[in-house]
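What follows is a pair of complexes built around chain A, which joins chain B in one and chain C in the other.
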Partner chain A sequence: MTAEYLDGNALAGPLGEIFAVDVTAATGRCANCGLTGPVASLHVYGPDPGLVARCPGCDEVVLRLVRGPGTAWLDLRGAVSLRLDVPE
Partner chain B sequence: MRRRLAWRAARLHEARAETATARTLVLDVPGWPGHLAGQHVDVRLTADDGYTAQRSYSLAKPADGERIELTVETVADGEVSPYLTEVIEPGDQVEIRGPVGGWFVWRPDGKAPVLLVAGGAGIVPLMAMIRARRQAGSRVPFRLIYSLRDQDGRYYADELRKPEPGLDVTYLYTRSAPPGAARPAGRVTLADLAEGGWPADFAPDCYVCGPTGFVEAAADLLLALGHTPERIRTERFGPTGD
Partner chain C sequence: MNIISRGFRGRQRRDDDRLPPGQYLVEDFPVLSAGPTPRVPLDRWEFTIDTETGRTHRWSWEEFTALPMETPTVDIHCVTKWSKLDTTWEGVSLDVLFDDVESAAEYALVHSYGGYTTNLPLEDLLDGQAWLVHRFDGEELEPRHGGPARLLVPHLYFWKSAKWVRGIRLLDEDWPGFWETAGYHNYGDPWREQRYEGD
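Let's look at the complex of A and B:
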């Protein structure tokens, strides 16, 4: 990938519309290469037509988020898991 | 449990120039819940015809009640930043969503030494950390390495010039160094980070913020110096981050 990208920190606002916890601080695992790290460290391309977050290790798509009028589409097929800190 | 994010109306209280191209905006945001140093907000502008554009900006200092500060650099041909740096006047409203981002943050109860590495406008969230440290009376030692083109580009120059116990500041100029400077102008090097930073043995928390290329280079150099990936937190902004 040669295009300029942002990082997963830029997902905090768009994902904050959907989730009540901060997903960017969660630890994710790439379904392609198994790399584990914070969502904030993903490489993010966009914002149009949607936000595409790629693994910093193998460049595969981990997460996609498309926002339409009154709807958000979230595709997480590139993530095996997300580990979140949950306040007790 | 935190509630999901919603847009809030914010009103410009005042604006002050940081450089020829950057401005700090002081905004009043009714209902502002407070934030951590390093967090950012999304700013949304709506045109008369309903067209909207939004961008993310880092918060520049701890909240003062419902008052927050952002520093915005003008991006040529940007959709949002020229309005914020050249057009908006006190009393005008914008919409704000935040604070967001829970990873690139420094908490005032942190115990580890801190290394801040800024590239250009990447100083903004790192300055928020320096100000949060001061406000909390933290004695955790901070070092700031601030890379930028030349002296005229410095944000917060007067504030960073004042001696502050436990804070060391090193400037790296990439285009033109001041007369008599020992270090010639150039991009950040291993020696710069070794001299201006902390030994990896001290296990400092490293925060790197700037344009994507700068962040990649600086993070790689920190790894080469023996800092562990878990202790290096990065935030990049690119052309879409104006």
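Let's look at the complex of A and C:
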């Protein structure tokens, strides 16, 4: 049986369309259970009708990304924060 | 020769007439998933309708399957552009489930095992337009297609036909669901190609 989901690295391309930095390397904190880890460790369902990235600890939705013609919708309400390394 | 040719074109035209704008036909049954597939044991399954006044109507699996069944044959249209014609289901009309429900609410928020939600006007669930189905194509509905039971609202894009349905909340105000809060259209009429917010 094929896996139901991909890992968060599947978000690199779609999020790269929106952010100037590689968000998959960022550290996120799940708003539901508080688990902290790299975005690349999320469980990603989709890509259609949209990408749904869930916490590997509690399965709650951390991030959703829907791509329509000429528009993208990004929902990050399941993430308390994203910690990103930025140049000094 | 003319007759055969005309007949063939006639059949094509009939199928095309059943295909909303921007859709293509499939013969298989694609599975789209926004999360892990819930496994709901039938002895713990229940379906509820909560009214805006706080009254809850509740059915166990045994009570649900004892209700009068219908066998709708309908065309279904996914917002990701596939359509499937003449799908055959078995289940209970929402008119039966709403028979004893007193409500003045205009909106319904459907919720599922696993946390999925979708919203629609209550009137779109009534008058022979929607079913709670537990069988597809003569077989038990598989978990990957929404079993034990899913909603079937074929006149709207198929994301409104919630898999693993657990209940319906009746509301005085519209409350957008899972995809409706992430860019998809609030109503989702395939014939008006209401895919995304603003269409």
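In this text, the second predicted complex is superposed on the first by the 85 of 88 C-alpha atoms of A that agree within 3 Å, B and C clash if a C-alpha of one lies under 4 Å from a C-alpha of the other, contacts with A are read in each partner's own complex, and residues count from 1 in each chain.
The criterion applied here is as follows: contacts are C-beta pairs under 8 Å (C-beta built on N, C-alpha and C of every residue); 3 or more make two chains touch, one makes a residue touch a chain.
Keep in mind that what you see is a predicted model, and the values were worked out from it rather than measured.
Trainee: With both structures lined up on chain A, is it a clash or a fit for chain B and chain C?
Mentor: Superposition check on chain A shows chain B and chain C fit without a clash.
Trainee: Report for A:G13: first if it touches chain B alone, second if chain C alone, otherwise both or neither.
Mentor: first
Trainee: Check the residue A:G46 against both partner chains and state whether it touches chain B (first), chain C (second), both, or neither.
Mentor: both
Trainee: Quick one: is A:D22 in contact with chain B, with chain C, with both, or with neither? Answer first, second, both or neither.
Mentor: The answer is first: A:D22 touches chain B but not chain C.
Trainee: Residues of chain A touched: more by chain B or chain C?
Mentor: Between chain B and chain C, B touches the greater number of residues in chain A.
Trainee: Taking the superposition as given, does A:E4 touch the first partner, chain B, the second, chain C, both, or neither?
Mentor: So A:E4 meets both chain B and chain C here.
Trainee: For A:G34, select first, second, both or neither according to whether it touches chain B, chain C, the two together, or no partner.
Mentor: neither
Trainee: When the shared chain A is used to line up the two structures, what angle, as a multiple of 10 degrees, is there at the CA centre of chain A toward chain B and chain C?
Mentor: 110
Trainee: For the superposed model, what is the least distance in angstrom between any CA atom of chain B and any CA atom of chain C?
Mentor: It comes out at 10 Å between the closest C-alpha atoms.
Trainee: Name the residues of chain A shared by its contacts with chain B and its contacts with chain C.
Mentor: Touching chain B and chain C on chain A: residues 4-5, 46.
Trainee: Could you list, by residue number, the parts of chain B that touch chain A in their complex?
Mentor: Residues 1-5, 40-42, 56, 97-98, 100-104, 212, 229, 233-241.
Trainee: Can you check the complex and tell me which residues of chain C touch chain A?
Mentor: Per the touch definition, chain C meets chain A at residues 32-37, 79-80, 115, 159, 179, 181-184, 195-197.
Trainee: With touch defined as at the start, can you tell me which chain A residues reach chain C in the complex?
Mentor: 4-5, 45-46, 48-50, 52, 54, 59-61, 64, 66, 68-69, 71-73, 75
Trainee: In the complex formed with chain B, which residues of chain A make contact?
Mentor: For chain A paired with chain B, touching residues are 4-10, 12-13, 16-22, 24-25, 37-41, 46-47, 87.
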